[in-house]
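Pasting in a structure now, in structure tokens, and then I'll have a few things to ask.
Each chain gets a letter, A, B, C and D, in the order it is written, and its residues are counted from 1.
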């Protein structure tokens, strides 16, 4: 009676892990430096974990134990384009479902770029992460392989200040063209006013 | 099940000259049949200002507060995603002297998240569906039915203070008799005043 | 020459003839403009009620009490009182002239409409021809409006109107040939008089040529919808594509002129349809009253009710069908309606010839 | 002369001067505040460019500043026509991080609610699509049936549009007395009313002419552009997350995935996208009936999950079948009470991206038909 446990379930780490392991093996044999991160907490939380977690959150305990989806870390972000081409042409990951980034914290010197893939033929999902340094945030654009990356990359670019080299149309998409700062970075400070209009 | 709920079939005749004329006339006629049927059926709309919709009990309209139950725990304000609840009161022992309890309907999303954590079940979303105001400041609603202390509260406070004074006096008398023993520095009632939030907030975190 | 005759009987003989004609024209114009205003106001109200009830709503309900009957009067007053906005970049002479031309031509066409025996402002013996010719002049006004507004959407609307109306003149003209051949006359009042038989039910649509009359009426009705810019041919003002088309930039009284023109044109087309296919003022039993004072008002009432019914059908169609695309409008006009019209003209002429030569009717 | 708009080549017999037209942000056919800059040669479009952001409300930034549960009301607001689905997508992503699950009754309630919400959303989609091609009446009929659904939602959760009802660990409240009868009554009424839309709008010759062979999106293009939902299925791709990667209890339920077959034109045209929505409503109705038969008494909320909690660190991506496509929530937690990153993969945003490449070569009137067939909600494209 549990939707996580269903065999074909999207959420079952079994299916995601299986797909990720297969992909990892293929990528490694193709000579890419990749690494698999697998969650070490059980998929279903034992009884009483909610209380423990609440307590833990209070203590701010940064223990490395986590739950959720396993993902592949691509160590060499310069090979992103080749990896994507390999994924689409050789392994059947037809769709790039999502392409975004995240800023772990204001102190950290790097951004994480995240790519979610979906395979209609394998009925599986895959997540790949790369690290982007904040000093020179530049990544290759995957628009030439997955057309859908076009708008996603424009959004990530304006929100995090990442430059996607090779993007055909690198304009802002959601924000005005003259917006200053990158709103989804953790160190972003909300402007006092915009063109004479108070923002507070 | 209705015949029409089955999927249609490919109709090649639609692409010929006569097929086009025929299907245009036929489909327009059947569409006009549908509209003619509705022309003589009863309208479903309400004449709004005269007829009001019947709003269900669970409707999430304008807030109302059962002021006497409220313990000023701030749980609703903390649960509010957009910080639109603002409250202020002074504690006199167990009694509350209310200053203000406002909801800013310029921000409020009527999400009801303020209702669930309430330990005393005293804040509710009511059945009133309209927000009419001539000025933005009118949209900041005061939920309190009265502010300051009521006569009953004053009486109760006076009783409590008298009790406290008596207790103090008794304590002092006791102290006077046993001078050597260490005494409590603060009054228990005053300690309670200093702490803004109480246990109930802890309770609500457990769900 | 009904009005002039009437005036010359009434007034002293010293007044010259040209003055009588001018006076008569003035009176006729006043009557027409009053009539068209009333028809437009009623049609707008009817349209809103029909739309409302078709869509499971009620439509206007407040102004005036019973079912909001005064709603369009109130709207009209509002439109008259509204500020008249003219854009700074607009071509002012064209912008100002356009509504007048549009409404003027629509009113001018009413001259030849026979409401009852003798009640026709000007009994032109080429009435059908006159109405078709004059009513299509509105295109010029619409083009002026679209160009003068200095708005791209307006220009699109105007260009569509020009293309559409010019194309649909042909099927409209062809569809009118069938009744013209049947009656042997271009005069609308003559056509109406000829449908008086069978106690007032010998309408063209019930005549021995009914099998030509029905398709020709469908053809006429479709072309008339296109001529009057009604859905599914409302491309010049297509709401979801061109915002409001050629009258996007108009407001106040100028906008109301366009609005009135639409309903006047609808009524005009319905009146032609009534006069040629549905027996004009004839109605079963009405001939019994002939000669009494009641006859003319009743005949007018019959004519107005019949044409209002056709106006209602136009509204009914509007709230049923989606809008056609411009290339499909052209395709429908040239590939479907025109060939059908030509074919019907051929069939009708052969049939009329057979009737005439063999049966001598 | 040729004008290139992406891969499509527009060939015109007579070239005249191009005119740039600004469609939106205030335009009846753009479903909100989308702005499409069109370049047209007469009635034929030679180029198009979308401009978004007029309704950007920083949903992702807000997600990094409020509690896990406090973010729920904001999920209502990106696709306000299918707020239940948004609630569900977010709740499932949070549940995945928590490792918690909803009780069976809550799961069936969720399915009933999201499927009813799907019907309501598709009703608006089909109705407004009628408006886009110029038919006004189907819109009112669609809203009339949607009104019944809104009353159903109002009875169970108290709101008509922004529900905030499905929450991590279950649903906010159990159904009130008689609510299931009301739902059952709706499913009956809906089957009776459905043919009206079909006869009045979809089978209409003019509607077919306006939509068939217009805005054809091929299967390859649909996949490459990341199209999901009815847009993907309209292009003939047999993919539905509810069936292929089932969440909740969809795996146990019996329903068909509707795929566009090009009945009136070619596969992937506007007619097919609308056709998929029309029949998906019937299928959703079927699912609701099955759930009504199966639902049993029980808890509706997992006791372990409260109103305020901390999630263990980790990442969870959950994509669910929203009425408009795959709604993905990518949540990153660092172990606190607030998300570290709250990414919303909005289906309308992705589906809209392909529109500017579909428009060149079409007629001006087709712009409204194509944008309408994608069924965008601007609140979602801009978030």
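Just so it is clear, a contact is a pair of C-beta atoms (placed from the backbone, for glycine too) under 8 Å apart; a residue touches a chain by one contact, two chains touch by 3 or more.
In this text, all values refer to a predicted model and were calculated from it rather than measured experimentally.
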Middle chain, criterion being Cα centroid separation: D
Chain whose mean Cα position lies farthest from chain A: C
Centre distance in Å when chain A and chain D are each reduced to the mean of their C-alpha atoms: 23
Between chain B and chain A, distance of the C-alpha-averaged centres to the nearest whole Å: 37
Chain centre separation (chain A, chain C; CA means) in Å: 65
Geometric centre distance via CA averages, chain C-chain B, whole Å: 59
For chain D, residues contacting two or more additional chains: 137, 141, 144, 200-201, 204, 206, 304-306, 309
Touching two or more other chains - residue numbers and ranges from chain C: 54-57, 319-321
Residues of chain B engaged with two or more neighbouring chains: 20, 28, 31, 34-35, 38, 44, 205-206
Interfacial residue positions of chain D with respect to chain B in the complex: 66-67, 69-74, 76-77, 137, 141, 144, 147, 154-159, 162, 164, 172-173, 176, 191-192, 194-196, 198-201, 203-206, 208, 261-264, 279, 282, 301, 303-309
Chain C-facing residues of chain B, complex: 17, 20-21, 28, 31-32, 34-36, 38-41, 43-45, 47
In the complex with chain C, residue positions of chain D that touch it: 19, 21, 27-29, 43, 130-137, 140-141, 144, 200-201, 204, 206-207, 209-210, 363-368
Residue ranges of chain D in contact with chain A within the complex: 52-53, 56, 58, 60-61, 64, 92, 96-102, 104, 107, 223-226, 228, 237, 239, 241, 244-249, 251, 304-306, 309-319, 326, 328, 330, 332-337, 340-341, 343, 345, 349-350, 353-354, 382-383
Chain D-facing residues of chain C, complex: 51, 54-57, 152-153, 156, 231-232, 234-235, 238-241, 243, 319-328
